[in-house]
């Protein structure tokens, strides 16, 4: 698959046949655990402050990654529970589902974590998250006004992200 | 769904948007000259070029990862190869050879025969201490730090100083796993 | 044989001058180059309205002396190239080819970030390239 | 060396870093000085590029012809497109408009600041937002390129830029008498 081949940004995003409103919210964290972006489309209930919410989300992922690697029955070498891992080390989980929502997750070797919370019936979103990572590269990293590691405030990114998530199946 | 295989350097370079190298070469040259005028000390220019490279490296790493499909950077040997064959190719259109590994597998050399930064460049006698391509070592250091590898990157050979090739020495200082960033005080 | 080649800036400031003779005629060659500058100014300011040659960088034969032929070239950036040769039977195509290659060497030399615009060209690479181009003058019109 | 290419990101990221180094590190307290330095870097590049890109082409007979060269061939070499619109007052001022200036296509201003600017607060409306200010620092480099190229073609001038409607950009060239 190829993203952003031409001079104009007109990629063909993977499977976008849905009729909208599947996405609940999205988080982007960097390798230092800083929440670079929180975007919300549909979240009626909020009980926590946004700061607590971000921290819990990050903690959940951190522990889950550690657990899954520890449990891995196919691997011989595994560290103790909670021992930090190098990027790409161990197995990696990419989604979990509850009866009310699905959480999809990707992490780049540079520690960028993208978390998308959607309707529980949503299919495999791994390609979609990669696509969002590409949007992040094009519109955030390459925005001359963006300083790496700071919260994302890029209109072009938000617009293209909203557009894309709206059409997720 | 199997993860996509990493792409070759040629394939990635063919797919990225490319421009005429002259603009790149001349812009870099003009920056170096302006820095020499403004900072006066050659040593300081070396330092600032490295710093600029580092800042560029931490930006470029994500584009590299997104476009090359490289999904893990655990093994340093593998990583050095990827820089030489995919990373340099994807951005500069050239490749390097990886040689002179030490016994621990923690330091090696990247040897470049060609490099678009130096087209047209001839160092004047007053700039003999200048590492003209120092931005490149900074880029590599910055990019590697983002994938948890703390490195030291230095120039061993430089054709602008009369050597027969460009040689960068990469030394892995340590791999820094991701730590839980918050204090457990709540 | 090419005996002298010169590059002169837009304010008639010398940027490069190299003679290729053993003989001690540097003064004479300088004089020829100097005189040719006036001829160039004259040509450029009063162009013959002869269709396609108008504003062409190659200015052709500037003037013949007893022993030399002098050719000129003026870039878009108002830099003059002057070629002095002892060959009396010179093909136009050879001179054009010479200037084309010389121009390209000149452009690379001023693309060196350490070259100061308007100052003399001191590049060793340039000198070597010029010497190669001078040696191959008239040998082949290819390249 | 003919036809050598690098990825566009190399050029983009180098320019981004050059601008931010001058604005945030070397001349952080003096934005005017940073602007002058960035423009000077562009000037040298423009000078050298005009030398390269006018090889093998007849000399320009007047200012307009040289400006048209900048709008067409020169711009195409750099940005793979021409200037979209050229205007002149016939008294030495030319306006070169690029409706989609390549170096601005990925630039986006902080949306929260834009909102603040359209608010009723007059004190906000009169001052330029911070990101608009740093955005304008990115235009000194292309302005320097244009000035360097034209100066080398025998046209001394001053060049300024305006980008009120991203990613469009207008460059104003004022020829010095």
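Going by the order they are written in, the chains are A, B, C and D; count residues from 1 in each one.
We take it that contacts are C-beta pairs under 8 Å (C-beta built on N, C-alpha and C of every residue); 3 or more make two chains touch, one makes a residue touch a chain.
Bear in mind the structure is a predicted one, so any value in this text is a computation, not a measurement.
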{"item": "Chain labels contacting chain A and also chain D", "value": "B"}
{"item": "Between B-C and C-D, the pair joined by more C-beta contacts", "value": "C-D"}
{"item": "Rounded Å distance between chain C and chain D, as computed from the means of their C-alpha atoms", "value": "35"}
{"item": "Separation of chain B from chain C, taking each centre as the mean of its C-alpha atoms, in whole Å", "value": "42"}
{"item": "Between chain D and chain B, distance of the C-alpha-averaged centres to the nearest whole Å", "value": "28"}
{"item": "Centre distance in Å when chain A and chain C are each reduced to the mean of their C-alpha atoms", "value": "63"}
{"item": "Residue numbers of chain C (touch at least two other chains)", "value": "111, 113"}
{"item": "Numbers and ranges of chain B residues touching at least 2 other chains", "value": "17, 22, 26, 28-30, 33, 55, 59, 63, 119"}
{"item": "Set of chain A residues in contact with two or more other chains", "value": "7, 142"}
{"item": "Contact graph of the chains (line, ring, star, complete, other)", "value": "other"}
{"item": "All touching chain pairs, where touch follows the definition stated at the start", "value": "A-B, A-D, B-C, B-D, C-D"}
{"item": "Residues on chain D engaged by chain B in the complex (per definition of touch)", "value": "1, 4-11, 13-18, 20-21, 25-26, 37, 40-42, 44-45, 48-49, 52, 77-78, 80"}
{"item": "Complex contact set, residues of chain D against chain A", "value": "9, 12-13, 15-16, 19-20, 80, 103, 106-112, 114, 131, 134-135, 138"}
{"item": "Complex contact set, residues of chain B against chain A", "value": "1, 4, 15, 17, 55, 58-59, 61-63, 65-67, 70-74, 146-148, 175, 177-182"}
{"item": "Residue numbers on chain C that touch chain D, as the complex places them", "value": "10, 54-57, 74-78, 100, 103-104, 107, 110-111, 113, 117"}
{"item": "Contact footprint of chain B on chain C as seen in their complex", "value": "108-109, 111-114, 123-125"}
